[in-house]
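Take this structure first; my questions come after.
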Amino acid sequence: MPIVHVNVWDGFGKEKIKTVIQEITKVFVDLGVPEYAVEVIVHEIPKSNWGIGGVPASEKFKDIA
Amino acid sequence: MPIVHVNVWDGFGKEKIKTVIQEITKVFVDLGVPEYAVEVIVHEIPKSNWGIGGVPASEKFKDIA
Amino acid sequence: MPIVHVNVWDGFGKEKIKTVIQEITKVFVDLGVPEYAVEVIVHEIPKSNWGIGGVPASEKFKDIA
Amino acid sequence: MPIVHVNVWDGFGKEKIKTVIQEITKVFVDLGVPEYAVEVIVHEIPKSNWGIGGVPASEKFKDIA
Amino acid sequence: MPIVHVNVWDGFGKEKIKTVIQEITKVFVDLGVPEYAVEVIVHEIPKSNWGIGGVPASEKFKDIA
Amino acid sequence: MPIVHVNVWDGFGKEKIKTVIQEITKVFVDLGVPEYAVEVIVHEIPKSNWGIGGVPASEKFKDIA
């Protein structure tokens, strides 16, 4: 514990995913949780499968990676 | 709020996914939730990874997309 | 299939939850999915456990049920 | 790895939950996964929040625990 | 985007949950994500429902909150 | 009920996934749950997206499939 599931858009990038894993883990370590106990799973979701306000992000946010 | 995770089989299709996003959002808007607050994430799952009654859907439902 | 996980705030109410189950199911039936195959699970989350923009909804949206 | 999320109805019972944890772990151990690496999280869901075929299980399956 | 689901043991505490929400949001803001777009949902799980290595955490980690 | 989400690393393999579906279903059948009611969804996660102790499994466990 803890187990963290992160959902981001496809295209977020492997470097940022690596940073997210590292920094979210650090959030828990700073609260006294042992580092080895933190698991972070990142789910990459196509923008066409992610709706905000009823519209796929692929249409709503065409210009944002 | 709300956040909705939808799991469908691979092959459900982008058009249907778009409709799902639109119509599920509408369900909440009809209940008084502001449209912009609704997020819908669709996870496409290979039929071989989806078991029903102990058997992958790829075997059990060979003929259904 | 499909399996739908809905996350709402605590206090959304059993009547609205029942409507959400009914109407989300209808979204898929309208797309040709058999009614019996649709499962909808609603997770009620305390507003203090739901952060938006870094702040729990219990603080940010004090006056909204 | 693996991380397993199990959703059951409220009332499934702590003894059965303990068995589920033990036996699902064994499934992976039998496949060569180290025992310590398996995490199983059981989410207990009120039957009124679990819709099957558009109806809450609390109505559809009144007589089943 | 992103949407983050955090699973912790019951008893983690509201103060720590608030910190987790704040700090995980900050991880994404530091990567260029707008603060308002980050949602963090914390699921509190009874230790008896969280298995590690086939044993509920309520037995394995009796003395750890 | 139940609905089971299994997260494994990419490369776990279709044969093992099929076994996992079959055997997890059996765990519930042995507890009195009707076989047809058990659904198991397997999410395959790239090792680069799965952090353990702050490091992607692709780095930490280079030599393990």
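Worth a mention:
Labels A, B, C, D, E and F are assigned to the chains in the order they are written; within every chain, residues are numbered from 1.
By our rule, a residue touches a chain if its C-beta (ideal position, glycine included) is under 8 Å from a C-beta of that chain, and two chains touch if they have at least 3 such contacts.
Because the structure is predicted, anything quoted here is derived from the model rather than measured.
With steps allowed only between chains in touch, the distance from chain A over to chain D comes to 1. Taken together, chain E and chain F share the touching chains A, B, C, D. Summarising the inter-chain layout, the chain whose CA centre lies farthest from the centre of chain B is E.
Farthest chain from chain A (centres taken as the mean of C-alpha atoms): D.
Overlaying chain B on chain D by C-alpha atoms takes a rotation of 180 degrees, rounded in steps of 5.
In summary, the pair chain A and chain B forms a contact in which the copies contribute largely different residue numbers, shared numbers making up under half of all those used. Here the spacing of chain A and chain C, counted between their Cα centres, is 21 Å. In whole angstrom, the spacing between the mean C-alpha positions of chain B and chain E is 25. Counting partners per residue, chain E has 3, 7, 24, 39, 41, 43, 50, 52 as the residues that reach two or more other chains.
Judged by the touch criterion defined above, the protein chains form a pattern that is neither an open path, a ring nor a star, and not fully connected either.
This structure has the following touching chain pairs: A-B, A-D, A-E, A-F, B-C, B-E, B-F, C-D, C-E, C-F, D-E, D-F.
Every residue of chain C that touches chain D in the complex is listed here, in rising order: 14, 17-18, 21-22, 24-26, 29, 35-44.
On chain B, the positions that touch chain C within their shared complex are 1-9, 16, 19-20, 23-24, 27-28, 30-31, 50, 57.
Every residue of chain C that touches chain F in the complex is listed here, in rising order: 3, 39, 41. If you check the complex, the residues on chain B that touch chain F are 7, 43, 45, 48-56.
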